[in-house]
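One structure is given here, and the rest of the page talks about it.
Letters are used for the chains, namely A, B, C and D, taken in the order the chains are written, and counting of residues starts over at 1 for each.
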């Protein structure tokens, strides 16, 4: 845990801050493990959350497979991606993705970068990813694509500089999911739970669309349907139902 | 349990009613968990059963992932979808699907609404879903399609009014499975076990048909074959074999 | 167990017979459970073995999901599919498949009928199933197709008469696997272990071929390659490696 | 264990050798089990490592499903594939693959031969396998194909002679992965961990490419991107993240 406020302290403002921080850290850990269990991340991919009291900082685990992340692994970075936690732990080169989007999008409170198998066909072809069913629409009505070749030519595909992160953030624009050619996807949210839901159902939308294409035609939602369905399914009323189930799976696997 | 008749009571008519009710509730719980385990429902999707003694009422769980449903979660609704159980629990907006079909089809005693991945390609393309093998034929020889756009234009895709439910029930007509464009499928049955069997093998038929299409041709059953195969496979002789296995899986997972 | 010879008896011929019978029954149980675990059978599908000392009889479980079959479920039938075990247990209508092939093919000592998802695309389209890799070649260099329509018109697709069984056996001819349009596949073997291996790798061949077709071309083995590869992979040297692993999985799942 | 140096011995050179040998044997066992769990090998397929102190020898398990391999199963062979361990154990006919590549490529310290389902479509069609995403690029920028027909005509597809092994090694050339028509793939590495990573992400690349093809277009990495991405992802920084997770899975399954 990042906070060390004594458990018996009266609920002072500082104590409140610590509890709020612990809650975000716990959600980062849960989200990491949920995304691993649901097949969105494997040994690679990472989840971060904006710091609840210091919006110019974000929380992100040290380099580690998401399935194994614990609260002790979560570090604090400023929005220039500089580590501010005193630690010997190694940090993700791709934290450049996170800082750039937090800088560009004050409304974004959580980010995930992943290479979900369901999403990869759309990252490695020219096909447009579009919302085809109501839950899938939570990925956003429009899913732009970013190609590192356009501005940076031949690279190792890793987003590891401010310039690359800013370029990706521009491609994301006001949307919630962006595809990265030859690499994977980056997803943003207004909370860690929203982010988790969007990453999972975005991948399920990709899977449904791929298989509809195999039948010879894809019926996409209208823009109005996509917006309306996303709004409905991102209410706590819908999201909490999934969160309860996913959390149970993680607890059943022995994580506290 | 919805009944509280003392276990030691002699078998009066009231006692019999209570036992019958408990059996339906237990089957709703088992069906919910089986459909989750078999990949038909995820955090969304729901199963209901008509009330065994009050055919103008139906039983349906509160909003909760099907995998987690218990007997205590099952509530009673009248056919206008009004909750008659005294409870603070939240109810599904989509109970409109259930009431409308129970009103339109006195022969229907059980309903499931789902978004099974295997079914989604047919819900998000224009391809017709047809019976291609004997067990798959239990979904019905004809599987009509409903598109909320036709009568209701842009919506959030959720069936949440009587008008929408009635429209869907008309599309279902005398059949047992109806596809909902951009959304999922709704399945009806003459019992909860029949419904469960049909939902699972309907999805397996969809999977077989999709992959046959990838080979360049789909051989559908003749109408007579489909009717005859469905009749054979919906006898207890066949269904009980699956029910025994599915029930074992649920019990092995620790559910009583 | 079908034999009740006392364990302390000296090894008389009768005792030997009983041990041999027990071994076949144990292999039928293991094969049933292995085929369930490997995704070849679900709640439907069945395995039989010719009686080791009475070649005009065969052993086959009562109607039950293969995953749940125990030694106590195995019954004895004559080659006319008449049950000779004294029991109240229900028998498979499709034992007609088994008797007909045992009658037509003295070299066949084991039979499985299944609806493996990997095989279904070839049962529900006109595409020919061909050996594409060495282990897959164990299904046979040629896989004929049988269509119940040809001789019997509209049926419920179930093979339940001698005439239907004989027709299927003729379609199988001297081969080891036969596809049944709109239904599934039937596989024969010279032992239960060979049968199990062939059913599993036949399905894996189907899966590889389907996905090769998605890439636009399928390279089949030459007839000589297929024969030679099948011969090599059906030696105990190769088969025992798989059998050791599959048996471990079953034992790990708690079956004795 | 192949070494029997007493645990209390001072760290003499001989003791060091023994420890180094034990470490390689342990990695062969772990890699075998990891590749089984990740779906790269089933009952067939094998992993070997060059002997750490005698580069003209290699270590490889006796014939056994990779999932079941233990340290006691690992044997020593010279580069002519002659068994030098005193044992009654059966050896793989396909050790010809291993010896030939160790002879031809002094830089290769580890080899795996497998029939991963994800790779098979490219082994059974004429489609070229190309790197489509950064992690997949670790399989090598170029993946050549070998067809046993070209030099050896109709065979059982098994590589079991020096001539066949040498032919395959020539097809591999300076690359790291080679497809074998109608059979599977062979993968080489500069360490057992690199080999394991490459085999797994090569298969995931194949899966992504197959599904991109289903969308109608495949965007491959440029040659410079592929080289650069492979270099980055084969550093311990990246590989250790996967190795930690995969090792945990094996330990959680009860292997010491």
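One rule holds in what follows: a contact is a pair of C-beta atoms (placed from the backbone, for glycine too) under 8 Å apart; a residue touches a chain by one contact, two chains touch by 3 or more.
From a predicted model like this one, the values you see are computed outputs, not experimental measurements.
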Legend entry - Shared interface partners, meaning chains that touch chain B and chain C: none
Inset, instruction - Tell me which chains count as touching both chain A and chain C. - result: B, D
Legend entry - Rotation angle superposing chain C onto its copy chain D by C-alpha atoms, nearest 5 degrees: 90
Inset, instruction - Compare the two sides of the chain A and chain B interface and say whether they are made mostly of the same residue numbers, over half shared, or of different ones. - result: different
Inset, instruction - Taking CA centroids for every chain, report which one is farthest away from chain B. - result: D
Legend entry - Centre distance in Å when chain A and chain D are each reduced to the mean of their C-alpha atoms: 34
Legend entry - Separation of chain B from chain D, taking each centre as the mean of its C-alpha atoms, in whole Å: 48
Legend entry - Residue list for chain B, restricted to those that touch at least two other chains: 213-214
Inset, instruction - Specify the contact topology among the chains shown, as one of line, ring, star, complete or other. - result: ring
Inset, instruction - Identify every two-chain combination in which the chains touch. - result: A-B, A-D, B-C, C-D
Legend entry - Footprint of chain C on chain B - complex, ascending: 132-135, 204, 207-209, 211-219, 221-222, 224-225, 228-229, 231-232, 237-238, 241-242, 244-246, 248
Inset, instruction - State the interface residues of chain C toward chain B in the complex, per the touch definition above. - result: 42-44, 63-65, 67-68, 90, 115, 117, 120-127, 149, 154-158, 181-184, 210, 213-214
